[in-house]
Amino acid sequence: MKDYHRPQLLFQIFILPLVVILSLTSALTAQEQPVIPADSIIHIPAPTSNVVAVDYVYDRGETVELTWNLSPDDTIGGRIDGYELTRIEQSTGKMDTLEVIPAGISYYKDDKLTHGHKYAYLIRSVYFGAKSSPVSSNIITPSIEIINWRLANLFAIAFILCGSVIYFIAHAKKGKKLFIRKIAGLEAIDEAIGRATEMGRPILFVPGINDMDDVQTIAGITLLSRVAKVVADYDIRINMPVSRSLVMTTARETIKEAYIGAGRPDAYNDDMVRYITDEQFGYVAAVDGIMVRDKPATCFYLGAFFAESLILAETGNSIGAIQIAGTAQPAQLPFFVAACDYTLIGEELFAASAYLSNEPKQLGSLKGQDVGKFVAMIAIVIGVLIATLAELTGSSSLENLSEFMNRLFTIVS
Amino acid sequence: MSNLGLIISLLIIGAGLLWLLIRSLQGKEVERRIIFLFIGLAVSVPLLFNITFSEKATPIVKALYDKIDNLPEGSNILLSFDYGPTMAPEVQPMSDVLIRHVLAKNHHLFLMGLWATGQSLGAEAVDRIIKGDFPEKIDGIDFVNIGYKAGNQGVLNVIVTDFRKLYATDVGGRDLDSLPIFNGIKSLKDMDLLISVGGGFPGVKEWVQFAGDPGNVPTGGGSAAVSAPLLYPYYPRQMLGLMGGIKGAAEYESEFKRHYERFKDMPEPGVKMMGPQTLAHLVIMAFIVIGNLSYFFGKKGKQS
Amino acid sequence: MKRKIPVLITFVVGSVLILSVFFPPIETWGEDFSIFFDIIAVFAFFLGGGNLLRIHTKKAIKRQKDWGFSIVTVLGFIIMLIAGLFKVWNDGGIAGDVAAPGSLFQMMYNWIFTPLGATMYALLAFFVASASYRAFRAKNVGATILLVASFIILLGRTPLGTYVTGWIPKSLSIFNIPDLAIWIMTAPNLAGQRAIMIGIALGVVSMSLRLILGVERTYLGVDNE
Amino acid sequence: MSWEQTFGIWLAAAFTLGIVSFLYRDNIFYKVCEAIFVGSSAGYWFVTYFWDNLYRKFYLQAFDPVSPHIAPWVGFILGVLMLTRLFGAKIAWLSRWPLAFIIGATAGVYMMFYFVSNAMLQIGASIKPVFVGSFGDIVSNVLIAAGTFCGLVYFFFSKEHKGVFGGAARVGIWFLMVTFGASFGYTVMSRMSLMLGRLDFLFGDWLRLIS
C-alpha cells in the first residue's frame, strides 16, 4: 500500500521543491493555465499519422468515420492531452473545430455532414495549449446508401413473422375455422355488461391516458367497438371520459357506428364520450369523481395506463363495480391483476379484439402470432443449448454458431 | 413529551390492528377508510415524532461496508459522484456516509464524477463533511477531488490505463504530480476499491463494465431504488456490494454508527427517511396477514 | 369511396413506415410523423376543448346538478387560456417564454397544478394499502405465489427481514430474506418480464398488421359495409 | 416570507387537504378542487400545444423567412380535415383521413419499435450459456430460460392448454405471478415516498411542526 505516514517529511522533500519550481515557471510563462508542468513549456507534442476518413455505410450520407495512429507521445503518462479535430468543407473552405478527443483514443464519428459535399479533416496533437502541426486526412464524400444491409437480420426475422401472420390471415379467408383458446377476461365481458343491464346502471369505459399514437389506445378502441355493440343492443348507458381529443373523436365514431349497426342511431348521443383534460392526474381526479357519483356497474380499463391504474381500480372496487382491465405497461399489470376482476395481460390486450370479432381473418392473425412465438421459443431453446454446449466443450465451431445466434438477434444501429 | 406521543400513537396503531384482526375474523366488513386511516397514521407518526428503526445491514450492503472496513489503513478508494440534484435526496446520504467511513478508516479518498453535476456535488460534500467532521484531513494528501471530465464511459476507458491522459490537475488546478496522494497512482488499477454513487447513465453499471472488470478492481456502488434491480445481476461476482435506494443508505448509516462511537450524533438522513417507510411496510404486511387470516378462518362468504 | 380511401391511406402510410427502417434515405420519416401528429393534435383540441366548454356551460345554464362546479371549471379553463395565450404578467411580453417565472401562467402552474397533481399522485399510497388488505388473498396457486413473492420483497425492505433470518449461515445465504428478495427480482422476475415483453411485441406486430391490411377497421366505423 | 409565498403555501395546503378528503368520501371541497384542476389543466395543455406545436413546430417552420419547410403543411392540412366534422355530415367523412393516417403511421412505427426493443433484444438476451458459475448461478440461469419459455407457452392462443402444454402454461402463469408480486412489493416504497412528500409539506412548510 502506498502510504504517507509522515506527511511533514514528505512535504519537505517533495512538495517544497516542486512548489518552488512551479512558481518559477509560472512567473516565467504567465499564461492563463493555472499550473503547467515544468517540462511542458516548450514541449510540442508529436503529431499523429495515418489519418483516414471513411464513409460510414448504410446511412443518409451524414456520417464519416475517422481513425488515426496515436501520437508517439501518447503513451502512459505521456505528454499529450488529446487530439484537436478540425473539419474543412472543401467547396467553401469553411473550417469547423469539432472537439478535443482525449489521448488514448484514435476514433471519431462525425455525423453532422451533408451528403455529396467533400470534406477533409485536420488533426493536431495538443498538450497544455501547445499544438503540433496539423495532419490532414484524405478527402471524403459521404454518400447515401439506399438499403441498410446492417439490418438484414431484422428484416429476415420480421419477414418470417409478418409472413406467418399474413399467411394465416390469407389462409383464413378460405373459410377454415381456427381453434382459439378461451381468454377469461373476454368471456366475462358479456356477463359484466349483462350485470349493468340488470342493475340499470351505466358502464364506464376508460381507454387509458395516451393518445391515438399509442397502439395500446388503438387496441382499447377496437375493444370499445365490441363493447359498444352489446351496449347498443341492450340499451345501457355508456360513459366514456377521455383525456385526449383525438381519442374522443375516434371513440364517438366507433360508438355511433355500433348504434347504427344495432338499428338505433337515434339512441346515440355525442355526450356519451366526453373530453376531460390532457393532464394525467386531473383526468384521474375527474374519473374518480364520476365513479363515486354515477356508480357504474362495470368498469373497463383498456389502453395505456401509468400510475393512475391503482387509483382507478381501487375506487372502482369501492363502488362495487365489476372491473375488466388490460394494458401492455408491464409496470402497471401487477396493480390491475391485484385489484381488478379480470386482467388482459400484455399480448392478450392486442389479441382481444380479434378474439371477440370471431372473424376467420382476425383469428388467423392470432395463429400467425403464435407461429412467431413458436419461433422465439425455438430460438431461445436452441440458442441456450448451443451456447451452453459451446461453453462446456470449448468447441470452436459451436462457439461460432453461438456467436452467429447472438448476432442474429442483435441490432446494430 | 414526544416519547409519550410516540408510545400513544404506536399503541393506537397496534390496538387498531388487533381490532381489525378480530373484526375480520368475525367476518365483518372492514371499511376502506379505516385502512386509509391506518396507513396515514403509520406514515405521519414517525414523521412527527421522528421515529427511526435501527437497520441491520443486509448482505449486499454489508459486503461493501466490510470491504472498506477491512482494507488496511491508507488504501486508495475512489468515489464517483454520478448524479444530479434531482436524484440527490435519495443517493446523497450514501455518498455522505461513505466519505465519513473512508476517512474515519484513514484511507485515501479520491473524488470524481462522470456527471457534470457531480463535480460541484463533490465539492459541496468536501465543504460540508470533510471540513466539518475531519478538519485534520488535508486536501491533496488525504483526499482529492479531481472533478468531472466529459466522455461518460469513455473516460473510464482511458483512466483505467492512465489518469494523467485525461486529468492533468485536480479541481483546484493543481498538477496531479504535485499532489502526494497521487504519488504512485497511475490508473484506476492502483485503486483498492471503486465506488460509484448514482442512478442513471453513466453509473454503477458502467463502472463495473468499463473500470471494475477490465481493471480487475473491486467495484461497489449506491443507486436509486428504481435502477437497483438492473444492477443486482452483477452481484456478487462483478459488483461486490450495492446500496439500493434510501433503504441501502439507512442500513449503511446504522452499521457505521454501531461501530464508530465518534459519529453517534452524525445526521443520518437515510435512517430518518426510513422510519415512516418501515412502519408503513409493517402495517401493509399486517394487512396482508390479517386479510388472509380472515379469508381462511373468518366466517365465509362475507368478503372476497 | 368514402370508406376505401381511409383504408388505403392506412395501408400506404403503415407499410411505408415499416419499410422506412431499412432504407436510410427515408429512415427519419417515423420522426416526421410525430411532428405531423403534434400538429393534428392541436386541431383535435379545438374539438376537445369545445366539448369541455359546451358540456359545462350547458350544465350551468340548465342549472343541472352540481352546476356551480361547472362554472368553476369553465372559469379555470378560460383564465388559464388568457394567461397563457396573451402571456399575462410575462416580463418578456408576447415574445417571452410562456412559462417565464413570475408570469400568471407559471404562477397558476406552481400554485394550482403542482399541489393538486402531487396530492392526487400521493393518494396511491392509500390505495396500495387497501389493495393489499383486500386483494392479496391466497385463493389459488397463482394468487398464493403472487402473495408470497410480494410478501418476501416487502419483508426484505424492512429491517425485520434481516432480523428474522440474519442468523442463517453464509453458505445458505439464499434463504436470508434480503438475499432471497434480490434473487426473486433477478431470476424468476426477469423470466416473467421477458415473457411479457416478447408477448407484447408479437401482439403489437399482429395488431399492426391487422390494421395496416384493413382486417381491423372498426375505428373507422366500417363494420356494416 | 413574502405575502405571495404565504398565499401560495396556504393555497397549496388547501388543495392538498381538499384532494385527500376524497378518501373519506366525495364532498364539496373535493368537487371544487376537481373542477379547478380539470378546467385549468385543460387550459394549460391547450396553451402548451398552441405554443409548442402550432407556433413552433408549424408556424415557425412553415413561414421560415430563409427556408420555409413544406412538410409541416401536411400536418396542417390533415388537422384542418379533422375539423370538417364541425361543418355537417356532407363533408364530415373527410375527418376520417387524418385518423386513417394516424392509425397507419402508429401501426407502422410501433410495430418495428416494439419488435426491436421488446422481441429481438429480449430473445438475444436470453441466449446465453446456462451451465456457468456456481451451483446457484446455474439454478438461476436454468430458471430464467425455463421461465421465459413457459411464460410464452401461456400466451399461446391457438392451442388448448391441456396435457404437457397445459402444464407448461400453468408454470408460465406462476412465473408471471412472481413477477407481479415482486413488482408490487418493490413499488410500495416509492408510493409511500409520495405521501411522505405531501405530509412533509403539510407538517413542515405549512404547519411548521417539523423542521
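Per-chain residue numbering starts at 1, and chain names A, B, C and D are given in the order in which the chains are listed.
Here is the rule we use: a contact is a pair of C-beta atoms (placed from the backbone, for glycine too) under 8 Å apart; a residue touches a chain by one contact, two chains touch by 3 or more.
Bear in mind that the values here come from a model prediction, so they are computed numbers and not experimental data.
Student: Can you identify which chains form the pair with the largest number of contacting C-beta pairs?
Tutor: C-D
Student: Could you state the distance in Å from the CA-based centre of chain B to that of chain D?
Tutor: One centre to the other, that is 29 Å.
Student: Nearest whole angstrom, what separates the Cα centre of chain B from the Cα centre of chain C?
Tutor: It comes to 30 Å between the two C-alpha centres.
Student: For chain A and chain D, what's the span in angstrom between their mean Cα positions?
Tutor: Here the centre of chain D sits 13 Å away from the centre of chain A.
Student: Could you say which residues in chain C touch two or more other chains, in rising order?
Tutor: 21, 37, 40-41, 44-49, 52, 113, 116-117, 120-121, 123-126, 128, 130, 132, 134, 136, 146-147, 150-151, 154, 157, 185-186, 189-190, 193, 196-200, 202, 204-205, 207-209, 211, 219-220
Student: Among the residues of chain B, which are close enough to touch at least two other chains?
Tutor: Those would be 32, 36, 39-40, 43, 229, 247, 277, 280-281, 284.
Student: Where in chain D do residues touch at least two different other chains?
Tutor: 19, 22-23, 31, 33-34, 37-39, 41-42, 44-45, 82, 85, 96, 99, 102-103, 105, 107, 110-112, 114-115, 119, 123, 126, 145, 148, 152, 155, 176-177, 179-181, 183-184, 186-189, 192, 195
Student: Could you tell me which shape the graph of touching chains takes: line, ring, star, complete or other?
Tutor: Topology of touching chains reads as complete, every chain touching all others.
Student: If we count contacts the way the header does, which residues on chain B are in touch with chain C in the complex?
Tutor: Touch list, chain B to chain C: 30, 32, 35-36, 38-40, 43, 53-60, 229, 232-233, 235, 247, 251, 277-278, 280-285, 287-288, 290-292, 295-296, 303.
Student: Under the definition above, what is the set of chain B residues touching chain A in their complex?
Tutor: That would be residues 32, 72-76, 138, 141, 149, 151, 154-155, 157-158, 161-162, 164-166, 168-169, 173-175, 177-178, 180-181, 183-187, 190, 192 of chain B.
Student: Applying the document's contact rule, which stretches of chain C touch chain A when the two form their complex?
Tutor: 21-25, 27-28, 34, 37, 40-41, 44-49, 51-52, 55, 113, 116-117, 120-121, 123-124, 127-128, 130-132, 134-136, 146, 193, 196-200, 202-211, 213, 215-216, 218-224
Student: In the complex of these two chains, what residues of chain C are touching chain D?
Tutor: 2, 5-7, 9-18, 20-21, 30, 32-33, 35-49, 52, 56, 66, 69-70, 72-81, 83-85, 98, 105, 107-126, 128, 141-143, 145-154, 157, 174, 183-202, 204-205, 207-209, 211-212, 219-220
Student: Residues of chain A touching chain C in their complex?
Tutor: For chain A paired with chain C, touching residues are 58-61, 144-148, 151, 154-155, 158, 161-162, 165-166, 169, 211, 213, 215, 218-219, 221-222, 225-226, 244-246, 248-250, 253-254, 256-258, 260-261, 270-271, 274-277, 279-282, 284-285, 307, 310-311, 313-315, 317, 328, 330, 333, 335, 337-339, 345-351, 353-354, 357, 359, 361-362, 365-366, 368-369, 372-373, 376.
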